[in-house]
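Order as written gives the chain letters A, B, C and D; numbering starts at 1 within each chain.
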Amino acid sequence: MQECRKEKYRVGILGSTGYTGIELIRILTVHPFIEISGVTSQQFAGRILSEVVPSLRGDVELFCEKLSEEFLNKEFDIIYSCLPHGHSMEFVPSIIKKGIRVIDLSADYRFKDVALYEKWYKKHTSPELLNIAVYGLPEIFRDKIKDAILVSIPGCYPTGSILALAPAVKNDLIFPDDIIIDAKSGVTGGGRAVTLEMLYAEVNDGMRPYKVGSHRHMPEMEEVLSHIAERDIKVLFCPHLIPMSRGIICTIYCRLKKKFSADELEALYKGFYADSPFIRILPSGTMPATQHIKGSNYCDISIFAEEHSNRLIIISAIDNLGKGASGQAVQCMNIMLGLPERTALTTPPLFP
Amino acid sequence: MQECRKEKYRVGILGSTGYTGIELIRILTVHPFIEISGVTSQQFAGRILSEVVPSLRGDVELFCEKLSEEFLNKEFDIIYSCLPHGHSMEFVPSIIKKGIRVIDLSADYRFKDVALYEKWYKKHTSPELLNIAVYGLPEIFRDKIKDAILVSIPGCYPTGSILALAPAVKNDLIFPDDIIIDAKSGVTGGGRAVTLEMLYAEVNDGMRPYKVGSHRHMPEMEEVLSHIAERDIKVLFCPHLIPMSRGIICTIYCRLKKKFSADELEALYKGFYADSPFIRILPSGTMPATQHIKGSNYCDISIFAEEHSNRLIIISAIDNLGKGASGQAVQCMNIMLGLPERTALTTPPLFP
Amino acid sequence: MQECRKEKYRVGILGSTGYTGIELIRILTVHPFIEISGVTSQQFAGRILSEVVPSLRGDVELFCEKLSEEFLNKEFDIIYSCLPHGHSMEFVPSIIKKGIRVIDLSADYRFKDVALYEKWYKKHTSPELLNIAVYGLPEIFRDKIKDAILVSIPGCYPTGSILALAPAVKNDLIFPDDIIIDAKSGVTGGGRAVTLEMLYAEVNDGMRPYKVGSHRHMPEMEEVLSHIAERDIKVLFCPHLIPMSRGIICTIYCRLKKKFSADELEALYKGFYADSPFIRILPSGTMPATQHIKGSNYCDISIFAEEHSNRLIIISAIDNLGKGASGQAVQCMNIMLGLPERTALTTPPLFP
Amino acid sequence: MQECRKEKYRVGILGSTGYTGIELIRILTVHPFIEISGVTSQQFAGRILSEVVPSLRGDVELFCEKLSEEFLNKEFDIIYSCLPHGHSMEFVPSIIKKGIRVIDLSADYRFKDVALYEKWYKKHTSPELLNIAVYGLPEIFRDKIKDAILVSIPGCYPTGSILALAPAVKNDLIFPDDIIIDAKSGVTGGGRAVTLEMLYAEVNDGMRPYKVGSHRHMPEMEEVLSHIAERDIKVLFCPHLIPMSRGIICTIYCRLKKKFSADELEALYKGFYADSPFIRILPSGTMPATQHIKGSNYCDISIFAEEHSNRLIIISAIDNLGKGASGQAVQCMNIMLGLPERTALTTPPLFP
């Protein structure tokens, strides 16, 4: 019963003024069992958070602190790191040593294979933590997340892709080396870095592919999918930048090992995700749309058994800042704290 | 104390599949003391609501009913009407006769002067209700809303304009016949009607004024502002259509009767809205932006005492579906039910 | 020599107030050898064209006529039909009988196999013309277009897809039954029909797939590609609707029969299109973007030999109203009239 | 006769890779009497222009040079400066000394009153040129532009505002100290500078005012309007940032000194601009829209004599990169070279 719970968990957020940090604060503000006890911002240290992020005005009374040893010595129950890749691992080991549980939204603890991380990112400075880190995809790793000390939130593209593929690869339905993921993302998937190519006029009213076959979310997907499938899974991943703020569509092309009807596939997927409140398997023939999941933690999935080409097409839609980052991070936290999974994640998507 | 309240109020929604209806359902879904007991839709009667509005999938289990006497005979505590202007008054009188309180989002009960309504809309069929109807702007009419049987939610433009002007006209700071309201709105302000000029390609990447000096929100503003000021207020109102889904900026130009400093004006506005949790008076020199209020019930207001031209410029930002319609309607309901005003309206705006 | 040419060709346009009709007029207005002698519009017959399409104000002095026998009896050298599928064939046979050459932007004469047309569209009323119709893709059928009486302009998706695939299938580089076309289009690809799902607020800031594996441009691509390849080509086609006004990206996944380097492929493509001024083969590693072809007749193509998955990825970008419709139609007309192919098509793309 | 003209004028462009530079090149590429002989770019010096601006690929064969004395010593007939404010005046004096005519798109030579420039910009280093500089608004200063050595292209907001107001102030129709200009602009009005607030996700799907009453285009408008009116004109100017790439709407509120009918005003405006092919005075009651002028050199103007408030409302629409910058610059060049004013500016606006 809610009314019995007296205390609130104390949460800290590192890197609070990027898009994932802001979204995290937006969600946690209405979380009944959480108190945000401190936030850091490299760029805005010393300033009132709601002056820097005016959408939070009136709802949040915090100021942006410097990320320092002093900050980390506050009494936190959980710390979220929204720091960029490579920076997170500068702080996570010492936080864990203090006995504080960490939810890391960077890529730093997503891989089990340190060589893979170092190939696609940089030299890892705390590889010993990779084995204790739990991949924060609750629909697959719910049990491990419960007791995890360090949860590593998946990349946005891997979230949409793995959730779409997991039932198929787990059940060995598809050929493991013939998987194409054509993904389309809104701009916030790339963070809030200030670059020419992310200016409004460069993105608006047009679209473009990028990092064809060379995006570093590809090895992440492969490692996790291979783990789920218990065999090597290979994917071809091709992302595109779409003129929208939030949202990812993953259109996935694969080949069934044997024939299944649309109904069988739908039933299999529904069964797989029966206990996962954020997965919505759409009725046969229904198309997902990012308009229907904006601002939420949902992942909508449609399955098409295409006869003409004999392919299975799986299409997922997520909000890259919701299920693709901060929503998922709160979902993981709820699990870690033994709270109902949907706590603070119940508001339906914003439409339109 | 929340935990003592056992029962939930039963709510019905007429016209649930337009943009204001959908937003209303989105908000009420997480309202702890409300149960949506029935919704109607002319266009989609007989269909599952969440099939027609897929964003609600998983959160709402309702089907769209026909608006009939039978429907209205259900046990409702409150009925929201999101019907179009002119249609609402076909049903409101009989609902009220049944003893059900009504929150009407149409224009049908916004005017006190029936002649004014009939000049700008059409023949009124229940003018006797205009006097019992309370204008649902809580910041001004909170006390009357409390006991109202019929609350008429203001138009979106009037909400943004009146909130920006009320402290000034109430305190007789400005000349009452020299007020220009240059407003800019996203497309949902015009509803979900299917017309050529609202197609994506007609609106995208461009903007246009419309109904210059002839929009029917103008007499609404004038009537309410005159009531607040206790003298005749005249406004020139010029709206523009902006390529965005939600949001209204009202840029209001007027003339101070005597000189005030920016600080004095800010203090006066803050005092006026001291008990109004959804009004955020921005610090001097700070600009409002619709990006900072999206999906929320906030109204952000900035005040500029422009010396060069000796004018007062007041700028407000609201979400036309939030504070400009459905958010405000829920705020009114909370007041009517004796609930905290912010109930179900606490999630910060979605940014970006 | 241009200066010797006295007369201008007289052109008529059927269905002038849809997006392809408007774009056609925009281009022809600056064509030095063309006079637009008459335009029809079902919806706006009797009105001044530039009142209905205000962008043309000052540049075009025409009024919208009714499509009648009388209209067709004017002295036209060429008639463009921008009528919808199914309607074009009501008029084309009689126009051709009058000895007027026709450029048809509908699907009515795109197929050689009448059964295929009738499967995906409707009963064909002039199948005898299918054999004399030339598929209006100059890069492939330039010689036939020159003397054609009836040119059928390809669909927008087929244009982007066939241009990307032609060199590969013509040279038998890829497996003919393992081709996936993941396409993304702006809204004008679907015409100017007034429907709920094309309203601004339904499309803005989000995206969705549609007609997965069941779009009728798929059989069109297959028929033409099979003709080019001189063997059966099968494609899986999956389109998506992107929040932008114009532009199509086709991301095409296929498999090379034997290994080629990126340089070899680039050289092969450049050779194939050596005489085609509107095809821009991008340097290796360079991404196309619809921002770079907007308002133009260009088709940008990038080729990626992806080693990890051993696939060939070909990506094309066109403006669906330019190379995907009206630009291509003017290009065809230039060829039919013996004019330089780029006449009236020389302005670089609008950026941004 | 075109065919008689042998030689082409040689043009240089300083700062070619900003938005105005790119648009200038787009227009000049199809100019029959111009050859672009050299372009500079600080950021991209040494690179192929069409690699940096891929929209120009195939149409332009130039490389970006360093802005040096050597560059300026090439044989140019005219040099355009698209350099930022403050930088242009570092180079203009020496170019003029070489006998090359200059068209400057910066603010450096827009003011006659050096004190005004220095108040709003910075210390002026060549104030002696202010008197020989001609304000490049052909509709007002056509005769002076013809023989000018240095033409200073107006700001985008001043262009839209002055064209809308000139007939009224020239004819002394309105009170000179009661003019409010509420302007709305797409993002390219602010140039291509890489800043947080111009990122796609910060601008998309929302809008905001900025520099209320403190934008430096305000004194520019006042100086020019005062010159036209031959009396002091004071304006209140309030700009807003709209989520679109191009386009400006100026909604101007003023007061007529005596009553005029809508027809009289329309006739007066049409007379004033009778010889100005780029001004389109819209029929009474017709609204301008930026969708109808995109990519063109048009300025659309509507006039409303609003009776309720007794105000005159004038609304103009321009493309800030067209008539608001590069289109206007080409128009000025045509006049300077004795060419027809519309040369290279005849393509109708891109719609949609």
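In this text, a contact is a pair of C-beta atoms (placed from the backbone, for glycine too) under 8 Å apart; a residue touches a chain by one contact, two chains touch by 3 or more.
Remember, it's a predicted structure, so these values are computed and weren't measured experimentally.
Set side by side, the interfaces A-D and B-D show unequal numbers of C-beta pairs in contact, with more at B-D.
Using CA-based centroids throughout, the chain positioned farthest away from chain A is D.
If each chain is reduced to the centroid of its CA atoms, chain B and chain D end up 40 Å from each other.
Centre-to-centre separation of chain A and chain D, using mean CA positions: 46 Å.
Looking at chain C, residues 19, 186, 188, 201-202, 204-205, 243-246, 289, 291, 294, 352 sit in touch with two or more other chains. On the chain A side of its complex with chain C, the touching residues are 177, 180, 182, 184, 186, 201-202, 204-210, 212-213, 218, 234-236, 238, 240, 242-247, 249, 251, 253, 287-292, 294, 302, 304, 306, 308-309, 311, 313, 315, 317, 352.
Interface of chain C with chain D (complex): residues 1-3, 19, 22, 25-26, 29-30, 51, 53-60, 188, 204-205, 245-246, 277, 280, 282-283, 286, 289, 291-296, 298, 300, 346-352. For chain A in complex with chain D, the residues that touch the partner chain are 19, 186-188, 192, 194-196, 198-205, 243-245.
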